[in-house]
Amino acid sequence: MCRWMTYSGEPVLADDLLFRPVHSLIDQALHSKLGATTTNGDGFGIGWYGEGDVPALFKSTEPAWNDENLRELAGQIRTGLLFAHIRASTGTPVQRSNCHPFRHGTWMWMHNGGITGFPTIKRELVGAVAPELYPHIEGSTDSEVLFYLALTFGLRDDPPAAVERAVGLVEEVAAGAGIRHPVQMTVATADGSTTWAFRYSSVGRSRSLYHSTHIGQLRRMHPEVPVFGTLPDTARLIVSEPLRDMPDAWAEVPESCWGMITEDGRGEQHAFAPRRP
Amino acid sequence: MCRWMTYSGEPVLADDLLFRPVHSLIDQALHSKLGATTTNGDGFGIGWYGEGDVPALFKSTEPAWNDENLRELAGQIRTGLLFAHIRASTGTPVQRSNCHPFRHGTWMWMHNGGITGFPTIKRELVGAVAPELYPHIEGSTDSEVLFYLALTFGLRDDPPAAVERAVGLVEEVAAGAGIRHPVQMTVATADGSTTWAFRYSSVGRSRSLYHSTHIGQLRRMHPEVPVFGTLPDTARLIVSEPLRDMPDAWAEVPESCWGMITEDGRGEQHAFAPRRP
Amino acid sequence: MCRWMTYSGEPVLADDLLFRPVHSLIDQALHSKLGATTTNGDGFGIGWYGEGDVPALFKSTEPAWNDENLRELAGQIRTGLLFAHIRASTGTPVQRSNCHPFRHGTWMWMHNGGITGFPTIKRELVGAVAPELYPHIEGSTDSEVLFYLALTFGLRDDPPAAVERAVGLVEEVAAGAGIRHPVQMTVATADGSTTWAFRYSSVGRSRSLYHSTHIGQLRRMHPEVPVFGTLPDTARLIVSEPLRDMPDAWAEVPESCWGMITEDGRGEQHAFAPRRP
Amino acid sequence: MCRWMTYSGEPVLADDLLFRPVHSLIDQALHSKLGATTTNGDGFGIGWYGEGDVPALFKSTEPAWNDENLRELAGQIRTGLLFAHIRASTGTPVQRSNCHPFRHGTWMWMHNGGITGFPTIKRELVGAVAPELYPHIEGSTDSEVLFYLALTFGLRDDPPAAVERAVGLVEEVAAGAGIRHPVQMTVATADGSTTWAFRYSSVGRSRSLYHSTHIGQLRRMHPEVPVFGTLPDTARLIVSEPLRDMPDAWAEVPESCWGMITEDGRGEQHAFAPRRP
C-alpha cells in the first residue's frame, strides 16, 4: 500500500513537512512512510512547484529513509505546493519511471491503490489514451495509465469530470473482461495552484484519506507540537493515512468523494461518481 | 550506439569472455564497451543459459566498468551460450527494464540500433503485439517492442521469418506515418541451443556485425594471444564492433543478412528481406 | 538489527536456501529478512565458494526483496558454502563497501550487532590493524574493522583465538574510553571448507544464534516441508534468528560460545572468552 | 581525471551553470563533464549554499549525464556559491561517500588529482588527522583525507596556510615511504562567502586550472553567447579544464599558486609552497 501527502499553503521548507522531530504533526503522518518501521521500500518521490510553472520531481528507488539526497534537499526546498509519495509496488518494476508523482506539463498526479486485473486490460486501457498523449507515458504502472486516461478525458479543463470518466472507462473495460471491482484509489492531482483529491473504490470500501483541520486551531490546542508553530495558517494537508493519536487534527474524506483546495486555502467537497463511456 | 556480443560453444567462464587481459581477442572486442574510454554508460546486461531452461539475466544501470558485482559474477558463470550488451540510450530511461538482453520464456533478444520516429508509431506497433504477449512487455524501448513483434509473428517457430515480418510491419507502419528508413538494427536472439543474428537497415547502411573465424586457426596463427588457448575449438562469437588490429579473426556479416550458429558450431548465412503485412 | 545465515553441506542451489516457498524451513528462517514485512532495508550481500578458492560476493544497497538480480542469481548459484546477510545500518552509510559479507583472500566474515561508541574508539582500533592489512579495509563499518582486527590477531591460523583477542582489544580500548559493554555480536567466518560462528556480548545478553539439527531427522518428522526433501543430509545451517513455529528444527547456540562446522558436517562447540592484550 | 567548477556571484540558477545550450560558455566548460562524450562516469556531486549556513550536497554514483534528478534540481537551485564535481575514480569504490564535494560544517572541499602511493601511506596520514575530526571521515578517498588534514591544520582559520601544511605533511610522509612526487592537485574550498582554489603538484606539472575573466567584457565581446547575458557581472568561475574555443574567457592559474574570490567578487593570487612539519 502506497502512502502520500500533499501540502498547500504559504511556502514552507520541505524539511518541516517530511523530517520534523518525532512528536510533530507531519512526522506522525509520515511515520510509517519515512520512518524505520515501514515496509514501503519500493521507491519514493516528491514533486513541488518552485522556479517556473512546471513542477520539479525528485524520485528514487532507494528507500526514502536511506536517501541522503532527500534529506539534503528537504532542507533546501521551499514551496507552497508539495506532493510526497512512498511506493509499495504491486508488481511493476521498482524503477524511477514508476515512482510517483507523475507529471505532464504543469500537472502532477499520484495514486494509492490499484487496478485489479491490470495486466489483462492494460492493452485496452492504453489504447484509449489520446494518441498525442500516449508517447509521454514513461513507466509501466496502472497509476500512470489512469493519469493519462484522465488527461485524455479533460483533466486540464475539468478535473473531477475527467477522473470520473477515466474511472468509468476502467470499470467498463474491466466489466467486459469479467473483472469485478477493478478500481481502488486515493488520488491527488494539482496544476500548480489548486489541489484535487479523490477517494473512490469500485467495491465501496476505499483506502483512507484525510485532510487537515485548521492549523490555527491546532496550534492553540497543541502548543506542545512544534511544527504547528512553524506551519502557516494557510497550511492545508491531505494524507492517505490516519493519525492514531491526534484525531482532532484530521477530518476523513468520505467514501466516493472528491475535494479541492484552492491557492487561497478554500476547500470544497463533492460526491464522486464514475461516468461510463 | 549499443554494442553487443554473443558466445556459443563449450562452456567457458564469462570472465574469459568479458574481462580477459588487454591483448586477448574478446578484450579487444569489448574494449570500448567495458573499458575506461567508452561512452556506453547507460546500463548493461548479460544473459546466459545455466541451471534450467530459462536463461538468467544480470542487468544494471551502473556503467559496466564500475560494476563490482559484474566482475564477481564473471568469475563464477560458466556457460555455453552467453549474450552481453552495453547500452547507449537513444532517449528512453536508463532503468533495468530497458537494459538488454530481453527474455521471454527460453528466448533472449538484444539489439543495437533503433526505430526512427518510435514515439510517433509506438502506439500502433504495440497495438500489433499479440494480446497474450502484451502484458509481458516490461520496459519502454523500441528494442523490446521489436522482440515482442517478432514473438507475435512466430519467433519461436521460424525466427528468420518472424523477424522479417516484424521488420516489415515496422516499415509499413512507419511509411503510413511518413517516416523514411525507420529500421536500423543488428539483432541477436537465441533459444538456448541455437543463436540467430540479423543485420539490416531500411536505408541499406546497417551498423556493423562480425562473427569469429575458426578459433583453432587463430590459436595457431596467434600463439601470443592467451585467450585463444582458453577458448574451446567450438567457440563461436558474434560481435557488433570490428576489431582494428586482428582483422583475420573476424568475418563481416554482409548487409541485409541473417546467420545462425547451432549448438554443434555449424553456421549458416542467408539474405534478409522484410515482409510487409 | 542485521540478520544472517550460513549454509554448508553438499552443493545446493542458492534459490533453495533463499527463496523457497512459504512453508519451507529456510523460507521461515529468512522470512523477516527477504520477505515483505522486514525493515532490514539497508543493503544485503551473499558470498559463496564456487569457481576458484576465493569466495564470490554479490552485494547491493537495494532492499533484498526488490533485487531482481538476486532472484536471477539465486537460481544459478550452486554452492556448498554460502553466507547471506541482510543489513540494518546503525549509522554508517548504506553503500556496497559496507555490506556484508566482507572478504579477505579466501576468508569471509559477517556480523550482526555492533561496537558501542565506535566513532569514539574507531581511530584507536583501526590503528591496531596490521599495517599490511590496513589498506584492504574498504568500508566504514565497525564490523569490517572487527574482521581486520581478527585477521591481525591470526584469524587464518586459529580463528577462535584470533576473535577472542580482537574482542579483548575492543573491550580494552573501550574501557580506556569509558565505554561499558562495547561488544554485541554474532559473527560467522569461513575459509572455504570450515565455518566458525560466534555468539558473544560484553554485557552477557547476546543476540540470538541457532544451528540446524539433523536434516535427515527433520525430513522424517516433517514430510510436509518440501525443502527438507531438497537439502542433502549433510546440510548444516546457522541462523541469527529463531524460527517460531518449528522449534525442533533449531538448537540455540549458548551465550559466550563459538562453534565450528567442518566440511564433512561435523560440529563442535566451545566457550568463548575475550583475551585482553 | 576528475573535473570541477566553482561559481560565485549573485544568485543564479544551477541550470544556467550546468546545462545551458551548446554554445554557452559554461556548457563548453562542462562539455566533457556532463556531455555524452565524457569518460567521467564514476559519480558526481554538487554542493551549494542556500537555506541555512551549511551547504547542501547532491551526490550520485550514476553518471551525471544520466541523472534525471540532477536535471530536475538544476532548474530549482538558485545559489550564489556552487561547486560541481565529476569523478573519475583512481581506484577507491564508486559510492556516494567518495563523491565530491566533501563537507565539514560550513566548509566544502573538492579535488582533482591524487596522492601517489596512497594505500601505502594512508594509515599514517589518517593517523595525523585530529582525533575529534577523525570520526567525520565518511569515505575512503585520498581527497577526503587531504580535506581532513587541512581541517586539522587550521583550514577554518587560514586556508592557504592549512593546505600548505597538509600538503607538506603528505610530502614528508611520502618521502619517508620512498614515494616521489606524491601530490597532484587542483583543489577548491569555500566557507560560504569566500572561495579558495589551489594548483600544485610535487612534480611541478600540475593539472590545469582556470578562472573566468570579467563577464561584462565577455558579454560585450560575445553577444552571440546567450549565457553571458544570463550570468551577472559579479559572476566568477573557476574550472579545472581549459576551453579550447574561447581563450579570451579564461585566465590560467599559474603553477604552484592559490587564489581566492571574495563574496564581492574581488580576487587575489599568491604563491603556494608546502610546509613540511
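Chains: A, B, C and D, in written order; residue numbering restarts at 1 for each.
Here, a residue touches a chain if its C-beta (ideal position, glycine included) is under 8 Å from a C-beta of that chain, and two chains touch if they have at least 3 such contacts.
Given the structure is predicted, the values throughout are model-derived calculations rather than measurements.
Ranking C-D and B-D by contacting C-beta pairs places C-D first.
Copies chain A and chain D of the same chain sequence form an interface built mainly from equivalent positions, shared numbers / all numbers used being over half.
We define each chain's centre as the mean of its Cα atoms; on that basis chain B and chain D are separated by 41 Å. Residues of chain D in contact with at least two other chains: 68, 93, 96. Taken together, the touching pairs cover every possible pairing of the chains. By the touch criterion given at the top, residues 13, 50-52, 56-60, 68-69, 72-73, 75-78, 96 of chain D touch chain A in their complex.
Chain D makes touch with chain C in their complex at residues 93, 95-97, 119-120, 122-123, 126-127, 131, 134-135, 137-140.
Of all residues in chain C, only 36-39, 41-42, 61-63, 65-66, 68, 89, 93-94 touch chain A in the complex they form.
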